[in-house]
Amino acid sequence: MTIWKVTDHVAIADQMMRLTMEAEGELPDYRPGQFLHIRVTDGFDHLLRRPISLCLVEPDTKQLTIVYRISGKGTKLLSEKRKGDRLDVLGPLGQSFPIHTGDRHALLIGGGIGVPPMLELAKQLAGKGIRVTTIVGFQSAKQAILIEELSAYGEVLVATNDGSLGRQGLVTEYMTDGLLALADRFYACGPSPMLSAVQRVMQDKVDGYLSLEERMGCGIGLCAGCVHKAKLPDGTVGYRKVCKEGPVFPAQEVVFHG
Amino acid sequence: MDKRVDMSVQIADLRLKNPVMPASGCFAFGKEMADWYDLSLLGAIVVKATTLEPRLGNPTPRVAETPGGMLNAIGLQNPGVEKVIGEELPHLRKYDLPVIVNVAGTAIEDYVETAKRLSDSGYADALELNISCPNVKCGGIQFGVDPIVAAELVSHVKAAIKVPLIVKLSPNVTDIAEMARAVEAAGADAISMINTLVGMSIDIAKRKPLIAIETGGLSGPAVKPIAVRMVYQVAQAVKVPIIGMGGIMNGEDAIEFMMAGASAVAVGTANFVDPYACPNIIAQMETWCREHDVERVADLTGVARKQGGFLVADRIR
Amino acid sequence: MDKRVDMSVQIADLRLKNPVMPASGCFAFGKEMADWYDLSLLGAIVVKATTLEPRLGNPTPRVAETPGGMLNAIGLQNPGVEKVIGEELPHLRKYDLPVIVNVAGTAIEDYVETAKRLSDSGYADALELNISCPNVKCGGIQFGVDPIVAAELVSHVKAAIKVPLIVKLSPNVTDIAEMARAVEAAGADAISMINTLVGMSIDIAKRKPLIAIETGGLSGPAVKPIAVRMVYQVAQAVKVPIIGMGGIMNGEDAIEFMMAGASAVAVGTANFVDPYACPNIIAQMETWCREHDVERVADLTGVARKQGGFLVADRIR
Amino acid sequence: MTIWKVTDHVAIADQMMRLTMEAEGELPDYRPGQFLHIRVTDGFDHLLRRPISLCLVEPDTKQLTIVYRISGKGTKLLSEKRKGDRLDVLGPLGQSFPIHTGDRHALLIGGGIGVPPMLELAKQLAGKGIRVTTIVGFQSAKQAILIEELSAYGEVLVATNDGSLGRQGLVTEYMTDGLLALADRFYACGPSPMLSAVQRVMQDKVDGYLSLEERMGCGIGLCAGCVHKAKLPDGTVGYRKVCKEGPVFPAQEVVFHG
């Protein structure tokens, strides 16, 4: 449990907030794809923490940025934090996106609130000399986030459901055989239907990772609230804990149906 | 200032160095928590429900937030007693503390078999019998809400095991004192209470329950007054020690349960809010005792009961 | 934008202009609240429990705060049915709304007598039978927790009155659906639920319960998941309409109860937090309906129930 | 329900806070002895409001001051309000101390957190040309409050339990026949044992008023949580609502035992 100080907190799109915080002590270890587990208010009014992916870390200034959508009561309370407020945070927690140093080209795929973790990942991949192409999908232009920031690390392809920005349709629109042939690896985060579609398209073509979302109780492996179906080490299918064994899983291990 | 408080308590044959243990299902099998602190700090550890066969558990969402509490419907997910004995329990022997294993089942036979194997394994210092599942799926028998079937189950399990038997009561009953008396008479060495209250939340945007299987168990501070009342009531109905739980978030809450009649306490939901909840609660209890000139924490058990106290059930409201 | 929402609902013979009423005991006899707003805004009004003889009520403290809720042990303080009819009810005829009088008692005879006098007075448009007192003092008969005695009471009262009879259920039971079926079969025209859950808080500094008579009734948001679950369960067990309550603080909570199966809602504790709670909730419900293209609020009743829904009691957890 | 803005909030003695607030709209009607019913936090964490007597009103600046002791969770939360925060307040509520314009000399008696309402009362009595003598009692000097402020309106006699300030003992120490003979009326507020003692001493000697304290649910007469035994209009003894029929009652109507 670390206490962070809010250093910046602004709206960057419709219902989308960017919150930057500064570690009061040492910056803890972090890797792309991990999440923070955040207490959104004191007292007993809203007990459970809320998981939010880390989006960007600036180690020099010990600043960490998250980007989140106001979706319900918890994120609404979080959005009320003001500059200077202190934030009670667990983490970064969970399994990260593994970086394969031998790769030449990585395909990043983010949908909606699955886009934020792609930024730190793109930065670290680019830092290792791996070429990055990012496909991002949003409902509409109003919800679009982080396109400029991601462009700093490679090409960004944009899809929106209503065509108000980039190509109309889903992120899978861009996943042509041509593009896939160039990619050594993919990394995806977004809503389940998107991840399931990505898994189908990539199957037998490109290896990669999916970052899953599930409602969490504890965030640290205690409650078994956050499980998702996946292949177990023994080959059978069972529930695995997204908070502790994930949120990032090898794509071929994740089971979406049945 | 430097006065030492005797924090030890006795639950049946078990001597605990302090009265605080994690509640079943809120601590998995201990491995995860061991990343955060030395488990030897705890009075005891209660691990997740174990069943004879592996259980997949329920579909998600399994948890939901409620005012001052949460709902869960994990569905007893566990790898089955064989793997629990083989893979989950042995590491706990590294720590200096009694291991209590929560046992669930669907019929007397599988309860007995699971309990016997755990008792024989040498990895369980006590068993906690989870009869709190008011569930027709449990073989059609409502162990947790019917004193006669509960007593029958308890006596069978008791006869099959060598370690102390703690029976965990459900709060979803009209008369919890009657349940407590029945399981005591059937051989329970201690009672733990309360399990969760059956609740539901509806996502009004989606027009359906938030929990996939519709209902879940309510825990957290919201239920504390109900839990304290039930502990108070049961403490007057039975002689065996009580492990009290339900919404304990800090040392004062724990002391409230002891004063109501508990000999020890368990902490569930609080671990999700703060991984250090248990060690913090132990420290807070000790500080409170020191500041209030309590030499032995065990002396607090039941002090809220009036002299010549009447049975609370006789004059509710 | 200017679409009008039909907010009216039907409870037995009563047509209410909207589904919101204050809960019994949380609105006294209406006079105090009339200082704050025009009572005609409400769907109905439910006044304090009335008994045959005057009742002094319990010693203080009678209220205590709990996480997300409160305990009360008022003890049915009221001036007795004669004075209620003579002094408390007539002023309510000034307002355009049905008056529901909550009736409490200790034995069948006084329940019947009180109900009959209220029905005959012409000042009560419906009676709400408070059988939720799990109290040995109530003549030794546990009306609220035993389906057989509850049914007997209901049928006697029903036979003695001309106005619709609403029966208020206690949540302190193992099987609330069984209670609901029993009172429906005995003639209840509607069911209201839930009354408070029995709870206790201990003042650890004073080492005694915070409430003078030790236990009190728990209400407020803390109990909402329990109340919603019970309404959902009872809505599948009976055909009569349900007035849902327990922790409603805003329009969304009220809609949650309707979706669970309630035809109308009652608001208790929220009035203590904000005197304008009831009119605010009515306005919030109407806004929600308009924004979600709901033309008739009555259409929301029971929509959370799955198509071909199973009985919730069959698979709790 | 009015929203007030906190304009000042400071500790003035051990665990004693003084909070000044400004009406955002019109200053509501107020009379000495009434109380404010204050929501100490948003959300459901601490539902019930807390009753605090009004201590001083400055109509010109629309400022209202309360003085309170941090006694438990509710007042602790209240103490965390900062300058500029908005406060959700009901009232002023309840029956006030009646001022009898024919009086020449009034005796005010306050114990502990019963002292604050005496200040506005003393001010208004003095404003009507009535001479004021105030007896205040505290546990010890550390808890003493408002002595200087009260001195502006008349003589102040101080008693403390431990003798650390003024005379050692209870406020009744000062209630000599000599003093009582001079008083036309008394007004008292404080803990029950003090009020009961005052009632006994004053009986048949001086007419006056007692302001009672009880745990409140609603503060506006709905719940019957706050009752105290008192004579009813018909002469019998029953429970009366402190929030609505009180907190101020004619002294001879209040029943302390039985």
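Note that the chains are named A, B, C and D in the order they appear, and that numbering of residues resets to 1 at the start of each chain.
Going forward, a contact is a pair of C-beta atoms (placed from the backbone, for glycine too) under 8 Å apart; a residue touches a chain by one contact, two chains touch by 3 or more.
Everything numeric in this text was worked out from a predicted model, so none of it was measured.
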| item | value |
| --- | --- |
| Mutual neighbours - chains that touch chain A and chain B alike | C, D |
| Chain A and chain C, separation of their C-alpha mean positions in angstrom | 46 |
| Inter-chain centre distance, chain A versus chain D - centres from mean C-alpha coordinates, in Å | 57 |
| Separation of chain C from chain D, taking each centre as the mean of its C-alpha atoms, in whole Å | 36 |
| Set of chain A residues in contact with two or more other chains | 44-46 |
| Shared interface positions of chain C, touching two or more other chains | 67-69, 220-222 |
| Pairwise touch network: line, ring, star, complete, or other | complete |
| List of chain C residues in touch with chain B within their complex | 66-69, 71, 73, 75, 133-137, 145, 172-175, 196-202, 204, 207-209, 213-218, 220-226, 228-229, 232, 247, 252, 255-256, 259-260, 288, 303-304, 306, 312-317 |
| Chain D-facing residues of chain B, complex | 67-68 |
| Of all residues in chain A, those that touch chain D in their complex | 41, 43-46 |
| Touching residues (chain side chain A, partner chain C) in the complex | 44-45 |
| Chain D partner contacts - residues on chain C that touch it in the complex | 25-28, 31-33, 35-36, 48, 56-57, 60-65, 67-70, 72, 74, 77, 220-222, 249, 269, 271-276 |
